[in-house]
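Two complexes, one shared chain (chain A), two partners (chain B, chain C).
So, the complex of A and B:
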């Protein structure tokens, strides 16, 4: 079996002096789609922010393409090939949808070997067809679904090898959720590895190949998403019960 | 419209392409305002006297305003408040004075070049240490660096203590373009050279804030974490912007030294001067490019004109600042579009004036009720 694209091992991260992950281990292989499922506060966002260098890590290792990410400054990590869509949309207000896509390319495109900026941006608009007519809209005027798409599009702007999506389906209307799921599947079909956080396990089997369950900062189970999503114990855990 | 025409249609509106700034345009109204501005600047030495204003004060106002334009790159885009920009203004001014007084360099343009180099290097040095900080820590650090530089100059014999240094070689004004000039000729040549360079610097600043780098600074100002996870090297970009910002201050300080022909620490390096440069940006409108320039002219004129009229001349300035913050938070130029739109609406519908009057009455009534309630609670307690 090939080396994993991303390997997180024994990750201990801290937020304001409190340890929020207690030895998280997870892997994502090239071309694979993996979910990290857990209820709110379980440690999904902290794990993702640690990978992006945004949450302090006290011990452990995060290797991407064989390189230790803990040695890198946060702004270098996207240039290594990880795109990140945070839990809140976190878009740059006062700028248009297109400017939000172009901004990462303007500042880091060269280090990712991007020569044709327009081609990359048009590729993103082709993927998210419904954003095309909103390309000149300032992002604060977008709907919830369009905002999430813009955040994912911005994460794709540096042509990442791995896309990290933090609860992209959270708080969206059912129709929009189905649209977004199909967009994410299309991204996976483009051979981009995806690591996705979800608090609703039922969404996951349609999208990913493998799933981890996180609870109180520890990975408590992993395996086939179809099997785990049906597991009564996991379902109980997601609802706030179980051990 | 032909390729050579400066006019083009954009979103149903005729706009004017600005030469040398690819893709940037002005509306017709903005173009007229810009042209009027340039004409006023060019005619200032002759117009000022006609309306009883001092041209020298207006010139100094423009110089401090240009320093405020530089400061505004930080304030408006990276949302950092610097209380130390007098360091670069004074640094530029002292570079000129030291070279003239100690090394007898007499060519004004050479002195100005030295001012820009010294002030910019100083900004690069300080910027390197402060770029990683935000909010009050950034403000205090810039203030501290400024205070250290001021104290060093103020206490140093090399800089002639509080008396400062004269910018004269052998008692003569510096030369400009290699030529000696009469006093009036010197002032005029210095003024017009400055205006040309200042317009170029404004154009470059405009280009900069509309460039990808400017947008990246906006992103940093909104949220540094967010900027980092899309790959923006936050500290490096803040450092660059701090240095560029210092360059504007250094140039302005250099010209100030050439115009005053004498440099002292208090009017150029004191931390209060940093506060005044910041005030100029807010007064003129920090959401606009030329607002800080207008703010500079107004504040310097007010400060210099009231200095000999009032004992407590800083008090009216403070009141103006309070009024601006409460009633025109976007400053003069930033509030201009709203004021003009309001005036236009009232001209087309005079009935609105009655509504305005009624809303002012109700605002005053509400304020008085709140004030009397507060006094009642203070005197008699809650019950």
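So, the complex of A and C:
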């Protein structure tokens, strides 16, 4: 079997002096879509932020394409090919949708070998067709779904090998959730690996190949998403009960 | 024209001139606060340093050109003086970069009290550095012959120093450039993105260290440029000159709205004119009058005239 694209091993991260992950292990292989499922506060966001270098790691290893990310400065990590959509979208307010797409290219496009900025931006608008007529809208005026799409589009702007999506479906109307799922599947079809956090296990089987379950900062189960999503123990865990 | 109207016109023009100088100082202060979250008490000393440095630079530069006794030589002289002011401000660029990288960077994550203590210490250090470099006596770049021979210009019926008019035009140009820079240039928009969300800016590849250094250096540049424009013109460079403009710059950025360039521009002109009207009508309230206006504005608009709460706009 080939080496994993992303390999997180025995990850211990801390926030404001408190350890929030206690030895997380997970892998994402090239072209694979993987979910990290857990209830709020289980450690999904901390794991993702650690991968991006935004949350301090006290011990463990995060290897991407064989390179240890913990040795790199945080701003170098996106240039290695990881796109990140944070849980709260964190769009750059006061700027337009198009500016949010262009900013990553201005900062790191050269490192990623992007020569045609316009082509990349138009490609993102082509993917998220319904954003096209909102390209000049300031991002604070977008709907919830459009905001999520913009955050994902921005994460795609550096043509990443791995796309990390933190709760992209959370807080959206059911019809928008279905819409966004189809966009994420389209991204996966473009041979981009995806690591997606979800607090609703029922969303993930139709998107991902594999699933990890995280609870209190530890991976407690992993495997086939269709099997795990139906597991009563996992369902109980997601509701705050279980072991 | 009636003397009262003459006085009103002159003091209003003086206020506008001072407002433009205040804007150069306050713009740096508000950019540094908006992006770095640092309230830089040493900012007034960067302004003072610009005034001292330009004394040396102008003395050197004007030695190469003739005094402005006809239109052509006046233009050449003016350009040389303006370039000298830019050179003086440019010397502040590495000074600002050094201060940010060495002193300010280690305390970003610390309590605001550390920031105030550190920047106050820098203020005192700068005063000693200037004392060491230029002595304790006030210096007047105007002593370099030609500067005193720049003619006056007729404005709204009064004869007004041409140099002050040029300083106002330069102030408008600085404002226009800053608005363009933050609205249109790639670097400016990257800085705004960093001000809005440091973590997310990092996650798209922005080096926040470099961005912060650039912003602090820019702030130092504009403060130094303001000091240079004042020192070349009607005032002298003296050790305590940074204090009043610093205090008034705080009023400017609070009146205009923290982080707002447009607010700093409008606030600076407002504060400049009010302080000069106060000097004309009742000098004792020169500093108090702008504060009174600030209080009134904050009662009506607590976020300031163009408040963005820390985002550069």
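Assume the second predicted complex is superposed on the first by the 243 of 243 C-alpha atoms of A that agree within 3 Å, B and C clash if a C-alpha of one lies under 4 Å from a C-alpha of the other, contacts with A are read in each partner's own complex, and residues count from 1 in each chain.
Note that in this section a contact is a pair of C-beta atoms (placed from the backbone, for glycine too) under 8 Å apart; a residue touches a chain by one contact, two chains touch by 3 or more.
Quick caveat: nothing in here was measured; it's all calculated off a predicted structure.
Chemist: Following superposition onto chain A, is the placement of chain B relative to chain C best described as a clash or a fit?
Modeler: In the arrangement built by aligning on chain A, the partners chain C and chain B clash.
Chemist: Considering only the touch criterion stated at the top, classify A:137 as touching first (chain B), second (chain C), both, or neither.
Modeler: Neither partner.
Chemist: Quick check for you: in the superposed arrangement, does A:107 touch first (chain B), second (chain C), both or neither?
Modeler: Both partners, chain B and chain C.
Chemist: Touch check for A:84: first (chain B), second (chain C), both, or neither?
Modeler: Both chain B and chain C are touched by A:84.
Chemist: Which parts of chain A are touched by chain B and by chain C alike?
Modeler: 52-54, 74-79, 84, 86, 90, 92-95, 99, 103-104, 106-108, 111, 154, 157-158
Chemist: Which chain A residues qualify as touching chain C in the complex?
Modeler: Those residues of chain A that touch chain C are 49, 52-54, 73-79, 84, 86, 90, 92-95, 99, 103-104, 106-108, 111, 154, 157-158.
Chemist: Taking the complex as given, what residues does chain B use to touch chain A?
Modeler: 212-213, 215-216, 218-219, 222-223, 225-234
Chemist: Taking the touch rule as given, give the residues of chain C at its contact with chain A in the complex, in rising order.
Modeler: Per the touch definition, chain C meets chain A at residues 186, 189-190, 192-193, 196-197, 199-208, 308, 311, 313.
Chemist: Report the residues of chain A in contact with chain B in the complex, numbered from low to high.
Modeler: 52-54, 74-79, 84, 86, 90, 92-95, 99, 102-104, 106-108, 111, 154-155, 157-158
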